[in-house]
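Sending over a structure as structure tokens; questions will come in a sec.
Think of it as A, B, C and D in the order they're written, each chain with its own count starting at 1.
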Amino acid sequence: MLLDPQFRTAETDALWSPAARLRRMLAFEGALALAQAELGLLDPGAAQAVAGLCADLQATELQAGDALDADALFAEAATAGNPAIPFVRALTRAAAARSPAAADAVHLGATSQDVLDTATMLALADALDLVRAELSAAADAAARLAARHADTPIAGRTLLQQATPVTFGYKAAVWAAALDRAAEGAARAGDQAAVQLGGAVGTLPAFGARGADLRAALARRLGLADPGLCWHVLRDRVFAAGTALALACGAAAKVARDVQLLMQAEVAEAAEGQAEGKGGSSAMPHKRNPVDTLVPVAAAQAASGLLAALAPSLAAEHERPAGAWHAEWLVLPQLSTLAHAAARAVRRALDGLEVDPAAMARNLDAHRGLLAAEALASALSPALGRARAKELVERLARRARDEGAHLRALAEAEDEIRAALPPAALDRVFSHADAVEAAAAEARRILAARPAQARHQDRS
Amino acid sequence: MLLDPQFRTAETDALWSPAARLRRMLAFEGALALAQAELGLLDPGAAQAVAGLCADLQATELQAGDALDADALFAEAATAGNPAIPFVRALTRAAAARSPAAADAVHLGATSQDVLDTATMLALADALDLVRAELSAAADAAARLAARHADTPIAGRTLLQQATPVTFGYKAAVWAAALDRAAEGAARAGDQAAVQLGGAVGTLPAFGARGADLRAALARRLGLADPGLCWHVLRDRVFAAGTALALACGAAAKVARDVQLLMQAEVAEAAEGQAEGKGGSSAMPHKRNPVDTLVPVAAAQAASGLLAALAPSLAAEHERPAGAWHAEWLVLPQLSTLAHAAARAVRRALDGLEVDPAAMARNLDAHRGLLAAEALASALSPALGRARAKELVERLARRARDEGAHLRALAEAEDEIRAALPPAALDRVFSHADAVEAAAAEARRILAARPAQARHQDRS
Amino acid sequence: MLLDPQFRTAETDALWSPAARLRRMLAFEGALALAQAELGLLDPGAAQAVAGLCADLQATELQAGDALDADALFAEAATAGNPAIPFVRALTRAAAARSPAAADAVHLGATSQDVLDTATMLALADALDLVRAELSAAADAAARLAARHADTPIAGRTLLQQATPVTFGYKAAVWAAALDRAAEGAARAGDQAAVQLGGAVGTLPAFGARGADLRAALARRLGLADPGLCWHVLRDRVFAAGTALALACGAAAKVARDVQLLMQAEVAEAAEGQAEGKGGSSAMPHKRNPVDTLVPVAAAQAASGLLAALAPSLAAEHERPAGAWHAEWLVLPQLSTLAHAAARAVRRALDGLEVDPAAMARNLDAHRGLLAAEALASALSPALGRARAKELVERLARRARDEGAHLRALAEAEDEIRAALPPAALDRVFSHADAVEAAAAEARRILAARPAQARHQDRS
Amino acid sequence: MLLDPQFRTAETDALWSPAARLRRMLAFEGALALAQAELGLLDPGAAQAVAGLCADLQATELQAGDALDADALFAEAATAGNPAIPFVRALTRAAAARSPAAADAVHLGATSQDVLDTATMLALADALDLVRAELSAAADAAARLAARHADTPIAGRTLLQQATPVTFGYKAAVWAAALDRAAEGAARAGDQAAVQLGGAVGTLPAFGARGADLRAALARRLGLADPGLCWHVLRDRVFAAGTALALACGAAAKVARDVQLLMQAEVAEAAEGQAEGKGGSSAMPHKRNPVDTLVPVAAAQAASGLLAALAPSLAAEHERPAGAWHAEWLVLPQLSTLAHAAARAVRRALDGLEVDPAAMARNLDAHRGLLAAEALASALSPALGRARAKELVERLARRARDEGAHLRALAEAEDEIRAALPPAALDRVFSHADAVEAAAAEARRILAARPAQARHQDRS
């Protein structure tokens, strides 16, 4: 068990199972034969036979007893060097049982890397789509929180210190933006998922002048992008998928970490929803531990390192590298699994998030008016000049902190301030009205600017 | 000296100098004041005074004795927490010497992170453009090699083994594609370089409903993208710049590593150009060491790790993180420096590359015809069926290897082959004609598909 | 399937299976109860009941139908936050079926992290021992090659260029040293594997003044080191295990990469052993691809990134981190699996390595005597002075390269050289005798200095 | 400016300056000549001349106008491939000005990598010692806090939630342990700093059977370890230094992050000391931002990635790698600089730490007695049995949370509890006496077990 269950999902387990991998390899071989026939490069009957065989095999369990046994094939790969070699051998054998022409038509002109890279791209396209959907759903959940709490004041916090007020809706709108942007990144990377076809060294000599056409036809059949050339050693597409998945983990972790910080007993402004058996502690009956938010935080930490494990594959030597390609096999299933689990966990955390506006207000007020210091200085600037206003407020703020007095009381005791600001203006300053209005407006603006698809899903 | 000179360039040294950093901060403050005046948020006279001051200061050396001293300001940052705080203080002081209104207008409504992030983005935009230009020039050099050697046969090599023939032009065309794609990545990331403006907590309360307009106006003035919201804690743009720079290093390393492998004494098909004092060895007068190609290989290794150092900043807590933001400062100057040095070094290597077609031909022929084995099997397939053709050729290939005989001689001794293939067909097989023609055609296709700008630069 | 089979081993699959994990958790709980009884902190009968139950359960399959079901427990962890919570619940239930006193005695005073960290350390100790043994066996194989080929000349290669001669035995002795040093690193890290016991927050309040004694007693029972304090947030031991595993991957990759480079068709001095179905290519019957050596190269690439994924856990916040601890769960099983697979693969490569001394001699001689240039200059120095000798040899070396002449012929044509060196001395220079003797002596010295255990295993 | 000033120190700036690098190279060459003379491998007069020259040059500024110009030499390295080549050339020229014998004796039998690696090791030894000293001083500061606050109650926090009480002294003792362990790691890595001497390919042919003796003699003269063999491609020592430096960053970050979390306005239990101009905010006069603690957090993030940049160098190909060696040059100066700056910053934070025991007590009490829940259950267990005690307390804890009542009041209202526990026992439970005593005892035990050297420094 290389990843504990909370860092996996049923979907990604299914996506990367040996049988699923083999099914994608069969999809490649079937589509390749049909594309060749379409361009007149292969006898249509033979192509149909291969494609039919592949379709038939895809419908089996691909386990011991079936014509192809996924576990056995991948085990053979350890000796052969890669799983495509035993796979092509077994598929050719199965084709020979149908007809010699079918056997001759299997994997024609292709190389191991063609089928393995294409199968990986099919998987990555699916993985990126799963991640995108989960991120969008999480963004929708954040957007719902943002809409509901657009006007709920909360302390803005910079460098882990209270700064000036925002609203919880603004905070949640930023979460939605983080998740939406990561979802767009996943979608963009998914659009780049391309077919691989180059033959032994990338040049497709078996097809004369038709190589590029065949690649395009194969891409169409598999629903992948046509890369326009063989990318055996041009790994930027794989790298782009990896960075999109790491971005997904990072965006989920941003939200999750914020929630963990808000859950702290001393802050207690929001909390993961409760459920039977969730987040308890056998020893400490009062504890309410974060559970869902642990996943993105840990996944993002791992994903950062996995990027460093993936990037060296960009420097793939000659026409196929001896190790850099294989390292991708180690990274991609895991990175996509972590990204999906992280996105799902953060969606769960947001869907069930318990929000406590009273606690937010209480914490905002706990500082004896100090969070209004900036607003007070701004309000005084027209009358006193900015420098004098700032100097005055800084002095009062220091006294408020040192003497434990409320900044408003100190302000009201100053003649210079009383002369400059009527009580209503002071009310406004200490109600944080400008800050709250600005944050609320910004939250609504961010929500209105969400990508169309995301908004649509939100309505559905 | 944190990076040895070969891993830096004059341009990136200039880009990240303390004075250059300060100049970009001044550009921000000047543009901010003017944008505020443009929207009626600031008195035009005060705005002009601030902008004029910033322009005047930008024209000084920004060293001890000038109104702003870059080294001193950055040294103060260690106590203040960031360089913007002493910078704004010093700038305000300088403005006060012009007029109180000017002093009041400095940095109005902005926060440290606004000026620092915007300055970083201006630097990254320049860095990405430098990298893009250097990658494109390197791609042009590769394209020239590809055009010149489109038909020059060379062994294609997979898993560090000779596979089937390609042409050196094809190999160089793939290099051009790698570099072009990285250049496009740099350009795309540069287009994302956006202005930062959010005020203390991202919501710009000082500007009421005009915050978003102000951000847009500021972006126009600075030639940066308008992000549409404050991205203090949405670090995907920074991450995108980092991945583009790592991609640049990776693409350069792909080419560099290939050249190093071709330079091996036993291969000797290509070599870095010679120059007085270059690549020698004091002890070994015969040595001709790689020099330029060391840079991208080492830079890519470092860049992979730097990505792992950058990615955690995606999870920036609350409204400004306590450490994750600062870690970006450590990574970005270095990553952009390495990428530029790597791109430049690979351009130099390609510009001066010495190519030895005779050695390529010799190595191709050193295997007693074995590289034609696949072509022989293909040529025999129509007559013998693919399975029989393959079986026959495998047997002969094994004998060729074990007995040291030439595959063609063994093939000619086989009745079955003589019956299937006339001597002219065998000539064609062992001349690698199909493989060479396919590679040449593919090289020309890749060159024809190069991005317009790249092709244009190639002609210039 | 997160790692393809060649990157796993049967031993590490077994080590990290859900059932094996659960067995180690049971070992902790049994030993904890007995240690408490030993110190008089628990009724001996209750302790025996718990320990007996744990032993009984360890002997079951721990699958559906058994009292504890590993898969089910780990699935519950996704909700509970960690697998210890459902595990303790289930174990307590099973104990209650034996006696109330037994139920009361389960997991007494301990916390989830105690049992999970201890179980991880038991696993890491085993993993490090597996890795150590495999590295030592690989080192033994390298040492055998070194002893056999101590005097076999081969080109020393620096910066991928031929430098001066060494012997293949020297090269293999350096491989042995790399593997031995990594084995020692694994052993050292294994010795640091320590028990974890701290209770809820690290202070073991349940045991009054006896906490430290209990930890020590538990360590003795489990065969782990006594850490002397609770290390819930002192993760340097885990980091040390991680770096030892990454070092194992790196050492294996050093050897594997050398073998890959020696296998290049143009070098062909050594090759992985052949086996039915190994390293073939369906399309290219002449190919003999590396297979075993791919594994360490890819594993080391991944391991470098996994270190970056592990190191942030050093900064574990407060008394237990919310994510950093969980990230270790993602990294450690994988890193240990990759290290074992890499060590095993390199051992296989070395055990079967085919060495071609004739090819080594041929490549050494291919440079028209240039590899003797340094030796020639040294031999001339006493007579001519070092500067003059070097100058003269450099000139001749340049001519040899440019004119295709042999350096010896050119040297013999120089009066100055003839006067300084008799023919026998020239013979010696161009036989590389000094270089070969030095390399052979160094190879034997390195072998003689191998760690005792390693030498012993070599004899066995 | 690749690293902002707060991430550097005067000491590490000096350590890695071009002149300092050159001085270490001169130290190598001087010691090499003397060691050769000592073994009779070189004329004593010539050796003295070289050593004298090196000593003389070390005493110059090594800038333009001096016999060796550090900046110029490093600039030449970009063409030559490494700085040793122009350095040896310039040093030989300077020696020739003294005597031909001196010129002949320069760098005799050594290679570029010998002088560069040895110079790096001298630097790393110093860097590790700087880091060790700073970590030990920080540990001393933590130990002083631990001693002073051994009995000061504070909430223990796991998963960012309040768990059971510890004391602030315990927390600080764990900090001391983290820093002490990192200091020991730095010392251990420093002890491994070894001389490099192998000649062109590692075998030292120039010295016949005396190579190993010469290496040992050179090591003695330079105060470095004798590695027993040439480690041109055995990079584990470099890797060990890198991991020790990353560990230093991690330990510093653990402490720094804890302080940041304690500084949160809602927690406010401890804070970085104040200073003029430190941690202010121009806009928000009330803010008191973390400054010192930002450095270790950011440095640790960067260091994790730098490890991934360093580890691939373990797989150094053949007898000297073409890039992997050079990548170390990029990583080591930076990693040592960050580690020293991080250790210093955390020492500063601890030296000036403001501790608020009243706030600690307040936060501990804010939970209506819930933090005593575990202690209450333990106290009830003898009378009620553990299961019943736990069940009862869980029910009361839930009511306390839901109803806002104090757990003690609820407990006192339960007949079953009143019967089991006299009021004095309840007093003890809700005073957290057991937890506090256990934590205090553990704090004192950890302090007593600190390494001797550390304790000694504490006394001084």
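Note that a contact is a pair of C-beta atoms (placed from the backbone, for glycine too) under 8 Å apart; a residue touches a chain by one contact, two chains touch by 3 or more.
Just so it is clear, the structure is predicted and the values come from calculations on it, not from any experiment.
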Neighbouring chains common to chain A and chain D, by label: B, C
Write down the chain pair with more C-beta contact pairs when B-C is set against A-C. A-C
How far is the middle of chain A from the middle of chain C, if each middle is the mean of its Cα atoms, in Å? 33
For the pair chain C and chain D, the C-alpha centroid-to-centroid distance in angstrom is 25
Sequence positions of chain D contacting 2 or more other chains: 81, 157-160, 163-164, 200, 253, 256-257, 260-261, 281, 283-284, 289-290, 294, 297, 301, 303-305, 307-309, 312, 322, 374
In the complex, chain B touches chain A at residues 81, 92, 96, 100, 103-104, 156-160, 163-166, 170-171, 174, 177-178, 181-182, 185, 200-206, 208-209, 211-212, 228-230, 232-236, 239, 243, 246-247, 249-251, 253-254, 256-258, 261, 297, 300-301, 303-305, 307-308, 311-312, 314-322, 374-375, 378, 381, 385-387, 434-435, 437-439, 441-442, 445-446, 449
Interfacial residue positions of chain A with respect to chain C in the complex: 1-7, 16-18, 21, 74-81, 83, 85-86, 88-89, 107, 111-112, 199-200, 253, 256-257, 260, 275, 277-284, 289-291, 293-295, 297-299, 301-310, 312-313, 322-324, 326-327, 329-331, 333-334, 337-338
Touch list for chain C against partner chain B, complex: 155, 157-164, 260-261, 263-267, 281, 283-290, 294, 304-305, 308-309, 312, 363, 366-367, 370-371, 373-374, 377, 390, 393-394, 397-398, 400-401
